[in-house]
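Here it is: the structure, laid out below.
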Amino acid sequence: MVVAVLMPEVVALGEPLVQFNAVTDGPLRHVTYFEKHATGTEANVCVALVRLDVSCGLITRLGADEFGLFIYNWLRGESVDVSHVKFDPERPTGIYFVQRNYPIPGVSDVLYYRRGSAASALGPDDVDPDYVSGARVFHTTGITMAISDTARSAAFKYLEVARSKGVTTSFDVNYRRKLWANVDDAINVLSKALNFADIVFLDEDEANLLLGISAIDDVLRELRSKFGINRAVLKLGLKGSVAYWEGRIVKVDAFRVPVKDPIGAGDAYAGVFLASILRGHDVEKAMRRASAAAAMVVMVRGDEENLPREDDLRRFLEGYGRQVDLR
Amino acid sequence: MVVAVLMPEVVALGEPLVQFNAVTDGPLRHVTYFEKHATGTEANVCVALVRLDVSCGLITRLGADEFGLFIYNWLRGESVDVSHVKFDPERPTGIYFVQRNYPIPGVSDVLYYRRGSAASALGPDDVDPDYVSGARVFHTTGITMAISDTARSAAFKYLEVARSKGVTTSFDVNYRRKLWANVDDAINVLSKALNFADIVFLDEDEANLLLGISAIDDVLRELRSKFGINRAVLKLGLKGSVAYWEGRIVKVDAFRVPVKDPIGAGDAYAGVFLASILRGHDVEKAMRRASAAAAMVVMVRGDEENLPREDDLRRFLEGYGRQVDLR
Amino acid sequence: MVVAVLMPEVVALGEPLVQFNAVTDGPLRHVTYFEKHATGTEANVCVALVRLDVSCGLITRLGADEFGLFIYNWLRGESVDVSHVKFDPERPTGIYFVQRNYPIPGVSDVLYYRRGSAASALGPDDVDPDYVSGARVFHTTGITMAISDTARSAAFKYLEVARSKGVTTSFDVNYRRKLWANVDDAINVLSKALNFADIVFLDEDEANLLLGISAIDDVLRELRSKFGINRAVLKLGLKGSVAYWEGRIVKVDAFRVPVKDPIGAGDAYAGVFLASILRGHDVEKAMRRASAAAAMVVMVRGDEENLPREDDLRRFLEGYGRQVDLR
Amino acid sequence: MVVAVLMPEVVALGEPLVQFNAVTDGPLRHVTYFEKHATGTEANVCVALVRLDVSCGLITRLGADEFGLFIYNWLRGESVDVSHVKFDPERPTGIYFVQRNYPIPGVSDVLYYRRGSAASALGPDDVDPDYVSGARVFHTTGITMAISDTARSAAFKYLEVARSKGVTTSFDVNYRRKLWANVDDAINVLSKALNFADIVFLDEDEANLLLGISAIDDVLRELRSKFGINRAVLKLGLKGSVAYWEGRIVKVDAFRVPVKDPIGAGDAYAGVFLASILRGHDVEKAMRRASAAAAMVVMVRGDEENLPREDDLRRFLEGYGRQVDLR
Amino acid sequence: MVVAVLMPEVVALGEPLVQFNAVTDGPLRHVTYFEKHATGTEANVCVALVRLDVSCGLITRLGADEFGLFIYNWLRGESVDVSHVKFDPERPTGIYFVQRNYPIPGVSDVLYYRRGSAASALGPDDVDPDYVSGARVFHTTGITMAISDTARSAAFKYLEVARSKGVTTSFDVNYRRKLWANVDDAINVLSKALNFADIVFLDEDEANLLLGISAIDDVLRELRSKFGINRAVLKLGLKGSVAYWEGRIVKVDAFRVPVKDPIGAGDAYAGVFLASILRGHDVEKAMRRASAAAAMVVMVRGDEENLPREDDLRRFLEGYGRQVDLR
Amino acid sequence: MVVAVLMPEVVALGEPLVQFNAVTDGPLRHVTYFEKHATGTEANVCVALVRLDVSCGLITRLGADEFGLFIYNWLRGESVDVSHVKFDPERPTGIYFVQRNYPIPGVSDVLYYRRGSAASALGPDDVDPDYVSGARVFHTTGITMAISDTARSAAFKYLEVARSKGVTTSFDVNYRRKLWANVDDAINVLSKALNFADIVFLDEDEANLLLGISAIDDVLRELRSKFGINRAVLKLGLKGSVAYWEGRIVKVDAFRVPVKDPIGAGDAYAGVFLASILRGHDVEKAMRRASAAAAMVVMVRGDEENLPREDDLRRFLEGYGRQVDLR
């Protein structure tokens, strides 16, 4: 069988991970069973896109092991283009564990085993200018900037290529303290990345880290003035989200739902936001749809299972708040 | 062993189903484990009654298979009279799957495999006038009207016999869009059924469907004027329930609890309401007890496990809202 | 993203099913939890093939429901070509339940809910001569012959087309008593199918049903003389398997392993046998590899999870019987 | 509803227990999950009988607690006559825990919490001569003799009444070291009980305990000469079973199956043996059927779930040893 | 290996229990799986203390069975001093079952099997004046007073010794209706115990039982005037807690969290409060930390798993209410 | 609390690991749930020893994370001396995953995440001559030699110290291909280690690797002549084990049991063998006891749960092969 893959609309670069999510709450010492999920911030964005029928390809490296195969089959099953996924015979697939609701209720802790992973060997050899050139959007995040020097180089190279080819660049700051040797490195690199970003996603802590300010209007203005960013989404957690979008400021509330595991909310937001923009929704509707998706994924363990298809999204938006009746 | 069954106080007609409830939330694609429960709207009402020591018999057909035996033993174990349950050697027991909290938080979706089920072959042969004549109440629902032409005939026949023998008829509208070929059929049949009903249970959507109106007072008045119904309970979901009861309008609040699966709430309400009325409680108390039972069953998967015994009901009503102390 | 699918080496026709396998042994009445798996005899064969890097496409219909999506994503994830899978908006995806080790130890019982399924609507419209013409092998089974008249027509049409285009036809008798209205129908149809088959898989009971004989040599001779079949594999359960292959009779032992669920063994055998023949192994080696795969899949619930990749197969064949050491 | 229960064919006396069976093997220290089952030697016999359509009633006492209700509903669901089950408001339902495969492979250990249980208060008040008089067989075991002085009195009283009314008495020695203060008490009481028994079930250890001998022929002769027992079944574990039956000695092999938990095998044997004799099978066939049932129940956790219905028994006997085929 | 244990800072006396917590909510009749945990009010306090690096030893008796070993290893693993734990070869380890959220939402029911347990045989022989003399605090509760006469004697003896040696005595009233023959006994004994207590923990119901009053100020005054108690903590459930502490009244709010099982909250409170006081925190801070710990443990099944280490406590107090962000 | 630990009889050096064992069989791709266990070859030996009341201390390093705490508490709970366990604030605790029964029946595969683990930083600083000098035996394995250069140095240093102080050295070759850069390194290092070993455990493959021969007598002679080893145990898997012990050759059969996971068998053997020798059993009895323990642990997931206490061992040896009786 010969399969000729033509260009996906979105191309993303980053590390998928196997997530082992604690079946019961509390400190992992006392957790006996763990549930396996396919995750990773850019992979999550890809699945969010394809669920809404926006084609997406992921550039990455996986271990040539059972966990690598698991992720590969999962992504292919979801119809993410895996033509640019390579298997590394030496390095393992990155994994992590999730501790839920402890010590802080509603917050999850992660324990990574990703140092030296297959994806940390991403580098110049993985840059395929043709692949990204055919896309409408290139997406990566601050996590890819953090996992290794070579991965960072690849990320910057892709941003450059995308820019030069007129492909929109999308960047989620995704600052993870545990992945950086020190905070200054993170600030330097992430700031540099902002210079290449057309669309930026960040939260208040990240704004404060990179800009030293936290008032919403200031943040949006500073992103514009300092980095020339005209399309930024600031995520405010339960307070909702606010965007500066080509001259306009839009604010949207969050949907409150019972939270099982908040991990993956930001990726659901970014992916559904991008898909909605690409499908011609205005920014406010895109934000509302993105907020809905974020709410949907935090209701379960795993980041991708609850990413909505178009019909699910419609039903959520129509049915949310229509509370249980006595049928 | 000879067992001479004398007449149960309540006789119900309808299809029990095996429910396979998703162990984890989200779209069923991603659910790996399913939990088996005995359910079915009229069976639920029967169990609600017998838990409160009101005898009840169910007229139905089950497949001569493991799932039929499961339901049969379950009902018999609960002390529902199963003398009028027949086994069909050809047709399978009806089943369905429950998807929880997706896409709408707090709402469950169902996926039926009941077409051509044993109970869909219920028909004229299953009508035993003697059995219903000895009862105080006959109960059926709009679901039995929907599953097949023969089941519908049997239901109308039973309503007629009950009426002619002075047995109170109880009817829960239970409109399920998926079970009707088209909406008009449903409206015609369900409206016709209202003409035979002494006690009616319905919710706002059903009122709107059948009467084209939704204001509470209008609904209750219309039921009276159009169908001569003097005993109607309108379920309003989280807003509670309101009854028109022999000239009097009574409103009762709902009890708010964490919802695991809302399915079965209406049946718990109807069953406990009927039991309470039969045991001489006034309508307001009956509604309050019914609301409590509805709240109890939505806290777990499965429709019947949490149906209260008298002592449980008392403790709920006394203890509800007495929140967790630091013992 | 445009995906141009070129021709898979093998094309199969048949119904995938969602299998709900009992987590605990014994009669299903007493089983509380069920585990979901993607199965179906022809789908199993497809996955067996692609695991060994032989491309395969499945022609089928699925319900436009969560279970249909589950199977679709699963097959696509395994890299089965799903370009010829259609979704039926009305009919549900076929499902079945598995009861293990009861009442007969080591044997599983099935309870089907597949009547009126999406795949039962397979028919003339689903015949795409171009698709099969490009393949080296077309595979279907007696189950597809049994599920509906239209599916049977499609199957025969595909067999005819394949023959006329010089595509090798492979047929697994797969007689399932529960799927046929009566035994005579089965005999007539399955016998007719043998006339179109280049490669045939059958077991002793099936041989007895179709030929009225059971001695191995007689069966193989009769297949040849009566149906002109020069490539037949007779599966003998724990006694192994024997093939008549272009003039030669080959016998291979079975591998004995602890059995969790025997369902799927025959499909593993057929799929790995075909893959091995297509990759140039001689018939004895193909049988040995097929027997290994059959042993592997019976050790777990589910039919496809344990289908081996090339390296797994090699390790099984080298390591089988090298028993546990005290490491 | 009035239910007039007429006389069951078999009446049994003894304590049902809730069994908490370890989900994983090994010492209970390290077992995290336990699975609840309804058991108890005489209750097991009752369920074995009713599954084969021989009516049976159990005389016992249960705690007025959730575990008592669980057993009560379970037995009623199985159609055991529960008209002679009383609830004790003070004493709890007896329970026990099962440790499997440790330290001896294939053997289970039990940890009882039954001292002071509701059933230990069985006594003279529970003797209803009319109930037993209408039966064909009265059955009890050495466990009922051991749990308390009052239960023992009740057991002897019932044996006397049965004998005096011409009801066949059936006694399973069921010696449990943990339930007796000392061995001599056990020998005295159990020997006395043999004097009242028409049919006796025992194993080699019990024979040795009570008779001081173990050679099969000697045991059967001694039972006859010393206690006048003409119908005795000696269970030999994997070696099968041998009966002295009204002058004839019959030996039957055991069926070998993978053992999950051997507890309940003897009860399955006794119950199915009695049912078979009552239904007119000869002793050899009864033994063969009893052996099959014993094999069936040891394949799962729980004692009663796998007790066979007539059709299951037939299929086991026909299908046993017909090993897995490659379907 | 010789281990010389020097004196722990806190010594506690009481019965550890194995808790079997229902995996699913609702009446235990319908619960199939139970999860094993090590608990017991004084054991819980010990673990709360050692998690915060305050050494603690527990004086108790365990059955010489698997459950006794389980608790012993658990406590030793947590670094509770087990030098004064004895094994009883005759009596079993006490156990109990937990029913959650039924019939009252948010409240758990317990079903004890602890009568005649190993710990009920605690008595004068278990009093080791040297052990308690070296401690800073001796802690016991009203449960130890209730389980047997001998345990009660031991408790009073320890209180006396502690007082006479200048060791601070801490007493949690812990009134459990099910453990007392009648209410008057409880009042007499518990009131007597208050005379020996330097620090007292109680809730509103207990205040009402022992003092006949419930207004907070009155309770605290009465404890002082009647029993000379200058250090009392009154737990008010969701309303928080209030202390009279050496002349000062302090009130602290509770932390609201989703409750899975409220059992163990009071023990977490007492243990963390004592630890905090011993480590020099002022009473308000100790109460706040204790409230945090109480909130943490009710979020899971089991009483001890979620008891916080110092760092966990700090993170909870800083992060509580910082709700889920869209990362 | 001051705890003065005096010298354990055995001191071991090596890396404990958290094992995530697949709940279901087959390739890990398809495994959803994983069960957590505390393992590691030397830790396993320690627990084997303390279960038989031989005191043992483990020298190691753990990550200052939840998994490190889990192992620490587990070992302390089992009464392993943890006074020489250090926590590393930077490096994680080593972990691995276990795939069972695939692709080779009865054999487990492991997937390590231990590179750069806390224990890999074991080194010269961890050598405490006083600690080992007080012991009777020092034990380590080829795995400690393989995990890092520093760990290897520490191991050799301990072997030297032990030898110089007259402490018996015990060495299990434990060759793990995945942990060595190349085979030659392994041969060099492991051969060197043999020079320091008084007691050696190895299997046939390891003998072949290090000595180039496999005939039992040759292996034992060569160990003696080349390395001066007078106490060697050669493990032969299901064929049993053979020892050369101070001039005598002893052979012992293996116990055959159903295998769930063979990992840990060798450690059980070594630990129970050493304990038995230290307690004065002769070599044949020690081997028989060691074989029993090896059989016990392979019957469950996890390496340490089924390690026997003295009474368990006695019961296994008496009861093994006494097959299930029909009680």
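Going by the order they are written in, the chains are A, B, C, D, E and F; count residues from 1 in each one.
Heads up, the rule we're going with is that a residue touches a chain if its C-beta (ideal position, glycine included) is under 8 Å from a C-beta of that chain, and two chains touch if they have at least 3 such contacts.
Chain by chain, the UniProt names read as follows: A, B, C, D, E, F = 2-keto-3-deoxy-gluconate kinase (KDGK).
As the structure is a computational prediction, the values presented were derived from the model and not from experiment.
Listing every chain that touches subunit E and subunit F alike gives A, D. Across A-C and C-D, it is C-D that has more C-beta pairs touching. Residue-numbered contact pairs of E-F overlap by over half with those of A-C, the repeat interface among A-F, D-F or A-C. Once the centre of each chain is set as its mean CA position, subunit B and subunit D turn out to be 40 Å apart.
Averaged Cα coordinates give subunit A a centre that lies 45 Å from the centre of subunit B.
Across the assembly, subunit B contributes 27, 29-30, 32, 73, 258 as residues in contact with two or more other chains. The full set of touching chain pairs reads A-B, A-C, A-E, A-F, B-C, B-D, B-E, C-D, C-F, D-E, D-F, E-F.
For subunit E in complex with subunit A, the residues that touch the partner chain are 257-258, 260, 295-296, 299-302, 305-306, 308, 311-313, 315-316, 319-320, 322-327. Chain contact summary for the complex, subunit E toward subunit F: residues 1-9, 55, 57, 73-74, 76-79, 81.
Every residue of subunit D that touches subunit F in the complex is listed here, in rising order: 24-27, 29-30, 101-107, 174, 203-205, 235-238, 241, 254, 258-259, 262-263, 265-266, 269, 294, 298.
Interface residues of subunit F, counted against subunit A in their complex, comprise 20, 23, 27-36, 65-67, 69-70, 73, 92, 95, 99, 111, 113, 115-116.
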